[in-house]
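One structure, as structure tokens, below. Some questions next.
Chain nomenclature is as follows: A, B and C, assigned in order of appearance, with residue numbering initiated at 1 for each chain independently.
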Amino acid sequence: MNRYRALARARGVASVAWIAGAFVFLFAPLVVVVGASFDGGNRTFLNFPPQEFSTRWYFQIAPDLFQSLALAVGLGLTTAFLACILGVPAALGLVRAEFRGKAIVAALFRAPLQIPAVVIGVSFLKLYYLIGDVFGLRLVGTLPGLLIAHLFLATPYVIGSVVAVLQRFNLRLEEAALSLGASRIRTFRRVTLPLIMPGVYAGAMYAFLVSFGDVPVSLFLGGPGMQPFAAKIFNLMEYDFDPSLLAISTYIIVGSFASIYFLQRAIGLDQLTRSGGG
Amino acid sequence: MRKLGRRSLLAGIATGTALLAAPAIRAQTPNFAGQTLRVATFGGGWDRAVHKYAGVKLEALGAKVEYVTAPPRDNLAKLIAARGQAAPFDVVEMADLTWVDTYEAGFIQKINLDNIPNRKELLPTLADEWKVASWATQEGIVWHPERFAAAGVPGPERYRDLLHPALQRKIAIIDISQAGISQLLVGASIDEGGSQENITSGLEFVRKANPFQFWRVGAQAVTLMNSGDIMASTMHAGFAVQMRRAGLPVKFTHPKVGATKRGLSKEGWLGVVKGTPVARAAEFFINEYISYDTQFGLATERGVVPINNRARDALVNDPLLKEMFLLSEADVANMVSVDFTKFNLDDATQRWSRMITSAK
Amino acid sequence: MKARWHWILLPSLLLSLGLLLASQIAFLRGGFFRDLRLGRMGTDFTLANYERFFTDPLYLDSLVLTVRLSLTVAILTLLVGFPIAYVLARLKSRWTLVLLAGIIAASFITIVIKVLGLIIIFSSGGFLNRFLMWTGIVSSPIAIVGNPGGVVVGLMHFTMGFSILLLYSVVQTIPRSLEEAAEIHGAPRWRVFARVILPLSLPGLVVTGLIVFNLCMGAFTSAALIGGGKVFTLPVLIQQTVINQTRYGMGATISAILMLVTLAINGLSVLAMTKLDKRRSAVA
């Protein structure tokens, strides 16, 4: 028994070390970024460790940076929401339906992932100009234009994550609910949806991340006052770096912790941690 | 020599006429109420600086100015995507290389030079009916004297000096994707016995230099310079100004090219996009862009070299800019400028990629 | 009952397909005509661009490099990410959420900014390199920019958060009772892992691995910024061909081949999975 406990502890230590290692890997560059944001010098580069501690860059962030950050968050949330509306039924259909050419349909859904983002940018731009010419509908440099392209990029992630969950899903639960007389819609809401929710959350989260982090597509499809944050940063870095970019990155890190906390409070994101455990 | 003579003569006339012409132009300026001018230019604060000096002048006359920000190569890609359809913007910023492509593809229209009176303050080569220069930089070598001294390497005078064994994997070189690559390749080629058309020796120089990296994002190269990973980088002098202001003790070398030439100039160009409904506003904007005020403002705020002669002369009073840039008429005339009708970026890119992938 | 599932995937299929075809056909079509630069093309159908791709080592080497890098990243991401996802999913602690939040928060910072941090960390005179050289693990400083290894690290930053989230939700769907049952019967932990957890999460692992792989095949920003102009993956070449050389036809050709190769690798893995699945259910 003692030996078993020692083994269990060793395992515990190993897994803690593994997780700690991964977090160091993920966070080390961020520690440098946050640290350098407190360097008070008028730098055009990243200076770490900071030499003259100061918070001045936190108050010198250009207002249009905040504006483009707000745009990116709004765009990301809308993209995530609509990607779920499109993606969840698609995933259900892909896993549940039996039909010829299913592999081809699955591949089609994944196709946007295989197109380099630069190509998506250029080809959507061309498409939008064409639509503008034929239907008089302006999409370049507009929110709907960015949204459509981001949906194209992000929906495959929702499909992918929901499919991953569905494939391990116990059909018998649904059948049981149906045989007990629950309506199909009720079964979906009460049985299916809660079970696939972890996949939906993961998918939505990644849809948001894809939209929020996209540079090449936004670079081409953005317009005056319509440049999402990551693309704007990319532009800034090419010509005009200053530590306020690091300061706003710090705000984003803090902000994402805060929003996850509030999300958990508001809608119970902790079902992520409860749903499958029991 | 030819350039020099014409230039000094013109400079004299220009200063006089500009002062005289100013009130007359104002009287003629049309009203731009209700018009929107879309300008494709650099992002990252450059757009804001341009607006502060040039954009507001147009807006004072009733127009609205919008900025579509992207690098010049992306502007060209946008024009290509819009081929045959309504132009996506009215004024386009072209880097030196892009303008040939933009012109050849037929995306720009002729400019009515009568509406650009400020061109008289520019070198005559910097404005024609297709394009007007918007800014200039000077390509060369940014280097760190203390680290050079510590490594026992003499300060570079020409590109070739970067081939010192102690500098292997200790320098950065501009990437093929960046404007400014043509100056490096042409400059190094001529210095190694090649020419504007034949850049083989320039490519060979890049291969032998074996750099730590080819930089694509300026902040990256500057960060490497600060961290000590590199001791020098081929960049434009604006970066040297930035670094020095940020407390990095760097120097800038305008490389000697061949027997007599020194330094490499690089210009940005403005064009009026074909089919724009607001051509007159576009021309007014371009005229303001090259004015003394805008050019002087851009130079001091953004670290570029003014293309407006009067603004360039005024920089002599700034000790840092005076140290980093070549500002005197004689020096400017003695710089190498790339002939873009001879430089083939398509071919250079292909050879560049092949050379780097086969080097390993 | 089964017939119904066709219909619900139709709206999103139509939309995705519509966008895919509308945006890509005109672009990809350009690959079959002579490239006259500046987005112009010849009028006669030709395979010259494709021929060039398959006869020029520049493109072939780049294809091999891209596939190799993407595979490496996919495998490493799964190797590192799955244990973490597993532990997090089984951890009964309030820290779980904090740790998950941390992984998500780290993913919010664009690689454009992160790469500057990475440069400092891997600086030749920096702490990490001094430590590695002191321990004797490396004899000369390792660099993050300008080599494929660095690009792998950068891409892992890009894919890790997402993979952990995905794998986390996969582990969530494996009932804990299965493991407990096995353990009660005295099965050692590794056997539980090999016999219960791994087989049950295999489809999820494959899907995640494929998404990571696909993501890397199309990644431009990391490869361009960390590659230091020396790592020519296909997306980097495409960007260069289209933007620098304005050769849209050649760019389309490279894109088409990139897509086909990725599709083929996806198809093969799915095929292998189904075979495996069938064999397993036959045994059961």
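Just so it is clear, contacts are C-beta pairs under 8 Å (C-beta built on N, C-alpha and C of every residue); 3 or more make two chains touch, one makes a residue touch a chain.
As the structure is a prediction and not an experimental result, all values here were calculated from the model.
> By that same contact rule, can you tell me which chains touch chain B and chain C alike?
Intersection of chain B and chain C contact lists gives A.
> Highest contact-pair count belongs to which two chains?
Counting C-beta pairs in contact for each chain pair, the top pair is A-C.
> With centres defined by CA atoms only, which chain is the most remote from chain C?
B
> Averaging only over C-alpha atoms, locate the centres of chain A and chain B and give their separation in whole Å.
Centre separation, chain A to chain B: 38 Å.
> What whole-Å value do you get for the distance between chain A and chain C if each is reduced to the mean of its CA atoms?
Chain A and chain C have C-alpha centres separated by 15 Å.
> Show the residues in chain A shared as contacts by 2 or more other chains, in ascending order.
45-46, 122, 126, 130, 237
> Which chain C residues touch at least two other chains?
Residues 112, 115-116, 119-120, 239, 242-243, 248 of chain C touch two or more partner chains.
> Mind pulling the residue numbers of chain B that touch at least two other chains?
Those would be 74, 77, 81, 217, 219-220, 223.
> Under the touch definition given earlier, write down the residues of chain B that touch chain A in their complex.
38, 42-46, 48, 66-71, 74, 77-78, 81-82, 84-86, 88, 217-220, 222-223, 225-226, 239, 242-243, 245-248, 302
> For chain A, which residues are in contact with chain C within the complex?
Going through chain A, the ones touching chain C are 11, 15, 18-19, 22-23, 25-33, 36, 45-46, 48, 86-87, 89-90, 92-94, 96-99, 103, 105-120, 122-124, 126-127, 130, 148, 152, 155-157, 159-161, 163-165, 167-169, 195, 198-199, 201-202, 205-206, 209, 212-213, 215-216, 229-230, 233-234, 237, 245-246, 249, 252-253, 256-257, 260-261, 264, 269-270, 272-273, 275-278.
> Which residues of chain B touch chain C in the complex?
Against chain C, the touching part of chain B is residues 73-74, 76-77, 80-81, 83, 101, 104-105, 175-177, 212-217, 219-220, 223-224, 227-229, 345-346, 349-350, 353-354, 356-358, 360.
> Give every residue of chain A touching chain B within the complex, in rising order.
Within the complex, chain A contacts chain B at residues 41-47, 62, 64, 122, 125-126, 129-130, 132-133, 140-141, 219-220, 223-225, 227, 232, 235-241.
> Once bound in the complex, which stretches of chain C touch chain A?
2-3, 5-13, 15-17, 19-20, 22-24, 26-27, 80-81, 83-84, 87-90, 92, 96-97, 99-121, 156-157, 160-162, 165-166, 168-176, 189, 200-201, 203-204, 207-208, 210-211, 214-215, 217-221, 234-235, 238-239, 242-243, 248, 251, 255, 258-259, 262-263, 266-267, 270-271
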